[in-house]
Amino acid sequence: MRTKAIATASVLTAVALGLSACGTSTESAPANQAAATSAIDKCKPAESSIKLAFAPQGTPAVEHAKKVMEQKFPGLKIDAVAAQSGNYSDLTKQIVADSAVGKRPDLIMTGLGQLRFWTDTFNPATIDPATLPDGYQKQFLSAGKVGDKSYLAPFQISTPVMLVNKTLLADAGITDPASIKTFGQVVEVAKKVTEKTGKPSINIASDDLPDWFSQALVQSSGEKFVADDGSFGFDTPKGREAIGLISTLAKEKLALNVKMDDGQAQFVAGNLAFQMATTSRIAQVLKNAPKDLDWTPIDLPGLNGPEGVLPAGGNGWVVISEDSCKAAFSQAMVAEMLTKDASLLSSGKDYSYIPVNKLATEELLKGDNIAPQMRYAWTYNKALTVWSGFAGAQTAPIVDTLRTMLQQMGTGKSAEDAVPAAAKTINALLGK
Amino acid sequence: MIRLYKLLGLVLGAVAVILALFPFYWMLRTAVAPADGNALTGLSLIPAELDLSNFARAWDRANLGSAMLNGITVTLGILLLQLLTCIPAAYALARFRFRGAGVLLGLVLACLLIPSQATLIPTFVGLNLLGLGDTKIGLVLPFVTSAIGIFMLRQQMLSIPDAIMEAARTDGLGPLRTLISVVVPMSAPSIAAFSMLSIFTHWNDYLWPLLVARSPEIMTPPLTLAIFQNADTGFDYPALSAAAAIVTAPVIILFLLAQRHFVRGMAGPEVAG
Amino acid sequence: MTTPVMNERPSLDQVVPGEGLAPQKPRAPKPSLTPYLLLLPALLAMLLFVYGPALLSLIGSFFIIPLSKGPWKFAGLDNYESVLGDPLIQQAAWNTLVYSVATIIPSMVLGLLLALLMERVGRMGWLAKTALILPMTANMVAMAVVFKWIFALQGGLANQTLAIVGLAPFNWLEEAETSLPTVILVGLWRATSLCTLLFMAGLTTIPGSIHEATAVEGIRGFAKLRTIILPMLKPTVVFVSVLSITGAAQVFEIVHVMTDGGPLGSSEVAMTAAQRVGFEYFRVGEASAMSFTLIAILLAIGIIGRGRSPKEES
């Protein structure tokens, strides 16, 4: 028996070493190279199939585009099953796990904040703007660019926004919410509301999208989130002062300091004057809010008033196929998901993303009884920057570092301490 | 003095029962809250109105019908295989003397100490190399045996009186016949208790199915809860609660039906009395 | 079919877990293959699904493993070094220890007390027993979500209850001071249920004759508990300890759903840290090194425990 055990152990070790050897030998230089996209007319649809990976919020548009594609390219197989979770980091985890075992999808949806993760580890194909359909708002492509190349086609996008309760503001003497432009005004108004209600009056969640929220506060104040050399951009006097809003709100005991969902529930219940959010939440707030809740989205204020370009939120499509024909079909599929009809399905009444196709926006605005809040979400047409933009495969640890930074300031630590610490950690992760 | 102890005991017991049950009550309470998204704010203990539509919505959106069927298939598949591997192994470790018995027993018990997370990635990669990723077989296979099962069953089998084993031998029964017609019936309480434990564990398992299951046809019940969470569009709390209640119900019903046997069986030996 | 008759009580050392073969085992007539064949399926499965992958994982812990394909880079002890040197992971290790101590001991004491109490309840006792065991049947992902609402800052039941007593609300899950204690409370809810069940089961093995005998001799209360009940429950205590320690050291779902280790790492435990490093940062080698450190610690506890538990009686 003992010899048997030893034999078994050695077989296992051999298998193990064999596996690791496999890893070393099969792939030599350019690992993960996605294929160049070949001309689609040279590809035979009946011999090809493409596999998609995406979160459930994309399902209606994906199903629509799938039907169109199957008519256009008879015989083409499209394997399009939504992931279970609508969370972008879960989606990334799943795609990486699938790819690790040889089930790499051809076309993936990804949170815009993970663009650099894909471009720096999976070498995706570039997106040719000429293939995009009529009406597509090309200014949004900037959210999917690295350098001057497009790797991602924005699909369901949103922008940072401040939701305000007009009743609470009116009680504090502010009748025109849109007049709130600076962080100073925000603090002042929040103080007045808190004095009246005795409760925290503003929520800027730190845990759901810490990179996006801090980027929004920094860029809205006209500072850079990522410096030109790719390192941490806002460890500057103005940057620290801008993000220091979180610290000020905590010290003055004005901040609620809960997750975005919980803050939203409080906002809907009429307990919160300000809730920082994304425009894609507007539809849900509208659905959940009682009729008598008087609220409106306003442009995100900045340190000295809004003076910068905001980061795009939401998701987009990236082609990571290793086969040139599959890449071509994936590219065609992307175009079908950005048409007017598809855009109505992906961004319409249920989701309140900004429609990426302006024909869809026009159609939506023709409807009756459009809530002004929805109008705000649909008609946003300013340029947007990429979300985050730090290089490399370190997206997740960077997000965690920024979360730590926000949470430290959420307990009253000053930006003068928290920001340099975050800058140091992130620059070390980036090798800067 | 004794009265005081009794009173204290009564209070402790009552508090413990309330605390144990309360979260279940609260789950149901949230599940019948109106689906207007305000479930988090100030729910009263007793609902003013019942909104049962959350259950229907949860059932449809999470495709719970198919998930429940999958859950049953996978859980029972695992149980069956575990019984097939654990009963003979426990029998060997309890009723035979052989070289290496101590080492092998140690090998079995040491499995209890290896966290499943440590074996997760290699098992996952291996299964995929065999083409078993995203299949029900892939959900079942890593759990074909159970160290706890072998341990529990061995305890029970150790207690079977020698006289009975001797009688079986005199009757001319071979080891296999003895196992089937003597040892298994006499270990029934432990087998039942272990079966329940296995069902609870694998019906509720989260981490492994999360990794393996991709297609909706393969999803098991706990995985379906993820569909109600979405960073862009927010949570649907009442539907999530309703789904959680539906997912929890089958094991609780099973437990209520088999409760007495379960407690006794967990004890192992000396249960017939 | 032989009718199950049980007229003999097994001697105590037969029931002691981790014990070798009991002395009065029937002697197999001659060495045979039978026991090996009986063990084969289970052992094969363990080699394939526990020891094999664990070994692969151990090997992996000495490499830097690329994200998808590409060569493995030998890293020596680098992974162990960066894991053990990472302050967040040190914090996770400390938190795991705190969590373990704070759940295991109270849950065992409470479990034993409740089990003793349940022995005395009358007709309606099964209802109470069922209620107490129910938490261990629950799906922890679902329950953790429920607990999250109970401990929500505003409108959460915990704070509403405190408000009745006039206490200010706590931000249970989102303050560094309260997040770990809150997670521990939930862990305790679950663990107490398991301990109660196992002790209830253990108590049923004490024959009625013992109770009669002690009653005749006038031994009762704490004296009876200390001198009679506890020694007889020893095997159960050992079993409960093993399950409690491995369970607590590997706690995952509760933390993952309720706080995901935050804020500021205040509730991070070994397994949430391992899954973060492995599946979010995609540093598979480092995650393997973490898992292995944990296995080594658990094995050490197991070996020490095993060295102490058996044979003390004889």
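As written, the chain order gives the labels A, B and C, with residue 1 at the start of each chain.
Everything that follows uses one rule, which is that a residue touches a chain if its C-beta (ideal position, glycine included) is under 8 Å from a C-beta of that chain, and two chains touch if they have at least 3 such contacts.
Note that the structure is a prediction, hence the values are computed from the model and not measured.
Trainee: Comparing B-C against A-C, which pair counts more contacting C-beta pairs?
Mentor: More C-beta contacts join the chains of B-C.
Trainee: Which chain lies the greatest distance away from chain C when centres are computed from Cα atoms alone?
Mentor: Centroid comparison gives A as the farthest chain from chain C.
Trainee: Just how far, in Å, is the C-alpha centre of chain B from the one of chain A?
Mentor: Roughly 38 Å, centre to centre.
Trainee: Quick check: how many Å separate the C-alpha centres of chain A and chain C?
Mentor: The separation of the two C-alpha centroids amounts to 39 Å.
Trainee: Could you work out how far the Cα centre of chain B sits from that of chain C, in whole Å?
Mentor: Their C-alpha centroids are separated by 15 Å.
Trainee: Tell me, which residues of chain B touch at least two other chains?
Mentor: Answer for chain B, listing residues that touch two or more other chains: 39-42, 99.
Trainee: Which residues does chain C have that touch at least 2 chains other than itself?
Mentor: In chain C, residues 36, 51-52, 56, 60, 152, 154-155 touch at least two other chains, as defined above.
Trainee: Which chain A residues reach two or more other chains?
Mentor: 1, 19, 97, 100, 262, 265-266, 269, 271 - these are the residues of chain A that touch more than one other chain.
Trainee: Looking at the complex, which residues from chain C come into contact with chain B?
Mentor: Where chain C meets chain B, its residues are 1-2, 4-10, 14-15, 17-18, 20-22, 24-28, 31-32, 34-36, 38-39, 41-43, 45-46, 49-54, 56-57, 60, 110, 113-114, 117-118, 120-121, 126, 128-143, 145-147, 149-150, 152, 154-157, 160, 189, 192-193, 197-198, 200-202, 204-205, 207-208, 221, 242-243, 246, 249-250, 252-253, 271, 274-275, 278, 284, 287-288, 291-292, 294-295, 298-299, 301-302.
Trainee: Which bits of chain A are touching chain B when the two form their complex?
Mentor: Those residues of chain A that touch chain B are 1-2, 19, 55-57, 81, 83-88, 90, 94, 97-98, 100-103, 156, 158, 208-209, 260-262, 264-266, 268-269, 271, 278, 280-281, 283-284, 287-288, 290, 313-315, 351, 353.
Trainee: Quick check on the complex: what are the chain A residues that touch chain C?
Mentor: Residues in contact with chain C: 1, 8, 12-13, 15-17, 19-20, 23-24, 26-28, 31-32, 89, 93, 96-97, 99-100, 104, 121-122, 206-207, 256-259, 262, 265-266, 269, 271, 393-394, 396-397, 400, 403-404, 407-408, 410-411.
Trainee: In their shared complex, at which residues does chain B touch chain A?
Mentor: Against chain A, chain B makes touches at 36-42, 99-100, 124-125, 128-129, 133, 211, 214-216, 219, 223-224, 226-227, 229-235.
Trainee: Using the touch definition from the top, list the residues of chain C that touch chain A in their complex.
Mentor: It is residues 36, 47, 51-52, 55-56, 59-60, 63, 65-72, 152-155, 171, 174-176, 260, 262-265, 276, 279-282 of chain C that touch chain A.
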